[in-house]
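Naming follows writing order (A, B, C, D, E, F, G, H, I and J), and every chain is counted from residue 1.
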Amino acid sequence: MKRTDVTEMIVLAKRKKKCTWDDCAKVLGQSKEWSTAALLGQMTLTEEQAKNIGEYLGLPADAVDCLQVVPYKGSLPTAVPTDPLIYRFYELISVYGTTFKELIHEEFGDGIMSAIDFKMDLQREPNAMGDRVSINMSGKFLPYKTY
Amino acid sequence: MKRTDVTEMIVLAKRKKKCTWDDCAKVLGQSKEWSTAALLGQMTLTEEQAKNIGEYLGLPADAVDCLQVVPYKGSLPTAVPTDPLIYRFYELISVYGTTFKELIHEEFGDGIMSAIDFKMDLQREPNAMGDRVSINMSGKFLPYKTY
Amino acid sequence: MKRTDVTEMIVLAKRKKKCTWDDCAKVLGQSKEWSTAALLGQMTLTEEQAKNIGEYLGLPADAVDCLQVVPYKGSLPTAVPTDPLIYRFYELISVYGTTFKELIHEEFGDGIMSAIDFKMDLQREPNAMGDRVSINMSGKFLPYKTY
Amino acid sequence: MKRTDVTEMIVLAKRKKKCTWDDCAKVLGQSKEWSTAALLGQMTLTEEQAKNIGEYLGLPADAVDCLQVVPYKGSLPTAVPTDPLIYRFYELISVYGTTFKELIHEEFGDGIMSAIDFKMDLQREPNAMGDRVSINMSGKFLPYKTY
Amino acid sequence: MKRTDVTEMIVLAKRKKKCTWDDCAKVLGQSKEWSTAALLGQMTLTEEQAKNIGEYLGLPADAVDCLQVVPYKGSLPTAVPTDPLIYRFYELISVYGTTFKELIHEEFGDGIMSAIDFKMDLQREPNAMGDRVSINMSGKFLPYKTY
Amino acid sequence: MKRTDVTEMIVLAKRKKKCTWDDCAKVLGQSKEWSTAALLGQMTLTEEQAKNIGEYLGLPADAVDCLQVVPYKGSLPTAVPTDPLIYRFYELISVYGTTFKELIHEEFGDGIMSAIDFKMDLQREPNAMGDRVSINMSGKFLPYKTY
Amino acid sequence: MKRTDVTEMIVLAKRKKKCTWDDCAKVLGQSKEWSTAALLGQMTLTEEQAKNIGEYLGLPADAVDCLQVVPYKGSLPTAVPTDPLIYRFYELISVYGTTFKELIHEEFGDGIMSAIDFKMDLQREPNAMGDRVSINMSGKFLPYKTY
Amino acid sequence: MKRTDVTEMIVLAKRKKKCTWDDCAKVLGQSKEWSTAALLGQMTLTEEQAKNIGEYLGLPADAVDCLQVVPYKGSLPTAVPTDPLIYRFYELISVYGTTFKELIHEEFGDGIMSAIDFKMDLQREPNAMGDRVSINMSGKFLPYKTY
Amino acid sequence: MKRTDVTEMIVLAKRKKKCTWDDCAKVLGQSKEWSTAALLGQMTLTEEQAKNIGEYLGLPADAVDCLQVVPYKGSLPTAVPTDPLIYRFYELISVYGTTFKELIHEEFGDGIMSAIDFKMDLQREPNAMGDRVSINMSGKFLPYKTY
Amino acid sequence: MKRTDVTEMIVLAKRKKKCTWDDCAKVLGQSKEWSTAALLGQMTLTEEQAKNIGEYLGLPADAVDCLQVVPYKGSLPTAVPTDPLIYRFYELISVYGTTFKELIHEEFGDGIMSAIDFKMDLQREPNAMGDRVSINMSGKFLPYKTY
């Protein structure tokens, strides 16, 4: 049993149980953003989290084991994503990538925004012209050091 | 003269003038995020904006012309970016792409977050453990329609 | 069971039943264009639509479930399609892509034609020199906004 | 002088003259769709057309010559286009490609829609919810023959 | 059952029966070139042809059904073929591609040689220096039209 | 001066002189197929051939020199050609590649059709339904040997 | 059963029997180089060779059949090999490719070294500084011909 | 001035001087194989070798300098070579790659044939059926070590 | 049974036994670095090592056999790794690759650092600002030789 | 003037001055590893460092300016490097990538070794069997956090 098999099991179990990712997040005691990523095979669960979600979704013992192992990360089948929703994020990097770079360097100097010491929050933003998706990302700035 | 030539001119002129992207944004009368993207060849300026920035940075008339034409967008030289700062954003899509998808569909149903009717705001977030980069993205949700 | 398994099931069931996509569209109560895309794994069905088509084609309960979940979209096995019929559409973009861009920008300014708020209609166009395929596409224009 | 040089010249000359593609099309005596494609380096002009447009845009004799030679076609720099407007058309093929295939075969049997014996018409479609881009494509159906 | 499964079945059945593609072609009542392509999953059979070859090779009913459906075409596993025999044809296009283009345009003007309204004939050409493979290709010329 | 520069020079000179590839072939004393390939940078000329064509097209001495050196072959800018005329040949390999393989092996056993000891002839084939492009290819069969 | 299945069977059977490729070559009555290539799915066996090796390694009748069919050649999973031993050969082409080209053309004129009418011999070359791998390749020179 | 510029200069100078690679090798006092690779930008010359060849071919001082710097190696423009002569070597790896691997491991155990402590010799092998290219490669075997 | 199957078996068995790679290394009598690579399918075990680890992890006889065969090396599913931990090493090569090259050549002249006669050691480096990963790599320098 | 132009200038100036990277490092007052990376276009210099090295190597004022701007990082022309020295590092990741991953996770849990808060040291390691390249890498461990 590989982690991708566990992910498929979880998606199936969630569909049958008709629960939401938010429900799963409550079982894990974490945000819905982190929890969804974890259950889709990108993060590592503690033993307790794994047991709780295993019980909640009815996963076999082997799957519960597997959720506690650090996974080989990367959730997409191709380098350039084909799904329109995910592609739009890729397009944002294509169009705004050099903008991110210039503005972060202007503010902080040479370095990066961490994708590890990172958190995010995704919300519905009501709007008379049509509701909007609002995403807040926060990543620690890590400066390059000279040595 | 092509838009990529104009971008190179602008980067050079800005370096010589030792001004910031924020200074340029004030000349354009827009946010620093949109302005940087525009000056890096991804957005279209009005005649007035083009004239103002042309005067401010000392661009030739042909470049001022060129800034008013809709550009062929895409600011990166490779499909998977090599620059560490920009790669981190690509990594976020690789790791969190399916999470974005699941959470947006859970909240809104089938559709996408627009990358066109979109705005963003990038700020320094002071933090005792090391300052953080904070990015707010807001894009209109566009539902797939049946017909 | 994954959505691609359901698509394969539907193609098989349709072949055995010797019905058309148009017949299926009537069961779904939508156009033949949208219905075919949906049944080939690109759109999401309502519970009622899923039950009706499930009954019509004799699909198992799990497949009916699966049709109501937003799919990971993208129907082709390679970035450049090998099938001659589908390749011709890719060729049209390769040859006419910059033409689409110039004419839409000339008419509307900077922005895109939505592929989400989009519909199409495909018809036979009788012609003495050999009948023609006629395709009408209609997508909402979405302007880039400054901020 | 290569055809890509001539295309660049034309784009520049048009920008300076502040004329539209539609104006150019009138000079050529053809539709704006075919004319734009031709002037962007995808179609071949007759001697008369080349002379007229050369005079109108002030092109050198060598460029006028060059416009009468069949070009190496293909207007995009990458296999998957990065420009958002053009990408949307690519996305339509990715999502609807197998739908095009099924519906054309259902109506006509095995064969293709020609991308050579082809014409198209692009119009603004006024709409209270926001104007739409309307594209009509018409291509001759070419059946595979047995032998 | 997918068309690729049927192709594999046919290859196996032919090997067991120790018949030739030419024998199969006689059962189909078509040339050996078209018949081989069809049985390798690239062309569509009529009901009668499918029944005859099904009986001849002992294929199951489902496979006979499947042969009457228009296949997703493309017979090779990689964009640049690795098999030496097939690669030689790819090499011919790489070396002679622009020659084909120039000579066809010199003779016919702008347009293409159809790969749909196309037939071919492959023969042994006896030669004292070593026999040769002789291939005759004939495709309808399709001119680009102005509109 | 590189061979690609010489090819560009030849294409330009031919356009100015308004001669055909067939005219050039007569100067070289070879077929129009081989001659076009050679002048497009794929074959090596003898000293005499190089001088004759150099004189005929008015090429500089360095170019005449260059034509006598074996070139790095390959005439196309991308692995999958974008030009519709050349793509059709690529499509033929994609669709008929395994057919070529099976029929040649059925007739000759394991081996290949040489792309080196190879010649071809391209003609117009008059036809009431529309003239056709007729291509004859002849390549020596080379058997794999055991050792 | 496909040829790749037969290759896997042979590798397994050889491991269990603890015999060498050289032993297998003796059963086939050919060199160890050709025999290994053949048993790894790249060459075609005669009926007698197939029967002998089938008996020697205990292969099923279907596999023995399969070994007599010309295979789709190409033994590596990626265009650039990842295995260090095989990569070194790829590196030799990358570094010495143009050297091979220049020296062969200097000696023979335009043409190629055949990879079909080809044989090779791989030996251990004892050496005080560490033994060496010695490979002798011999391929017929095939000249390009004019026509 | 970059090493690729120097390579181009050398090819040009050699063509003008009408000397052979073998002549150049004598000037360098090394084999024709190593010398050709070095002059095509893949190896590093000593100061004396660089001066001698610079004088012989009439290279500028800067080029003589440049020949003494270790180059960024790799002589081919694409991952899969398009030139037929060089491709045949790539094909040998594709077809015989796993054979090389098996036979070297059978003889030596786990490790590689060095592409650094390597030499080769390329000769004409006279043969009544047509002369052959004979290549001798000798590379030190390097065993993987446990630690 | 293929080596990748054995790797998957080992990962599973290790997870069930809740032992570490270090424990496995002790069973093999080698460093944890070499042992982990070996058990992940990149190195070859002796008969004794294979038996010991087979007994320790409860592997079937066939797997024990398989571990003694030289594997086809390469442990990653894509040319550019998607896993963030592994990507950072790829990034180091992207950023520092030319630095490695310059400094090694400055110290040693033309040649390489062997990846075969190579060992490494990975340790935790305690640090008040956050512990660090410390990696020591040691590879024999192999000089290019002239001949 | 772009950073890549400055890099080329520096390489040329260093060759003419016959100084080492170590000499340059002393001018910058940093380690030879960081300094080489910086001068090859991967790191950002302070105003003082830029002036000092500019004076030392005789760079124009514009280049001195340019060295103080954060560069678009990535020093290699292809995703898989062709240069043998650099490729060996890529091979280490290919072979040992999953080993790095397992051992770091075993020691530290889920997270990465930073490539930003990173330093390295490259030394000659004298050895009777042939000197070795010794590389010490030290990167801060960054744990994934839950939120």
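We take it that contacts are C-beta pairs under 8 Å (C-beta built on N, C-alpha and C of every residue); 3 or more make two chains touch, one makes a residue touch a chain.
Small disclaimer: the values here were computed from a predicted structure and weren't measured.
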item: Of F-G and B-I, pair with higher C-beta contact tally; value: F-G
item: Where chain F and chain H are represented by their mean Cα positions, the distance between them in whole Å; value: 29
item: Chain C and chain H: spacing of chain centres that average the CA atoms, whole Å; value: 53
item: CA centroid of chain F to CA centroid of chain J, Å; value: 47
item: Where chain F touches two or more other chains at once, by residue number; value: 33, 72-74, 76, 79-80, 82-84, 91, 94-95, 98, 101, 105, 111-112, 114-116, 142
item: Interchain contacts (touch definition) - all pairs; value: A-B, A-C, A-D, A-I, A-J, B-C, B-D, B-I, B-J, C-D, C-E, C-F, D-E, D-F, E-F, E-G, E-H, F-G, F-H, G-H, G-I, G-J, H-I, H-J, I-J
item: Touching residues on chain A, where the partner in the complex is chain I; value: 1-2, 65-66, 69, 72-74, 76, 79, 115-116
item: Touch list for chain J against partner chain A, complex; value: 30-31, 33-34, 43-44, 70, 72, 98, 101, 105, 109-112, 114, 116-117, 119, 142-147
item: Complex contact set, residues of chain G against chain J; value: 80, 82, 84, 87, 91, 94-95
item: Partner chain H, residues of chain G touching it in the complex; value: 20-22, 32-33, 36-37, 40, 42, 73-76, 79-81, 83-86, 88-108, 111-115, 118, 120, 122, 124-125, 127, 129-142
item: Of chain A, residues touching chain C in the complex; value: 8, 12, 15-16, 78, 80, 82-84
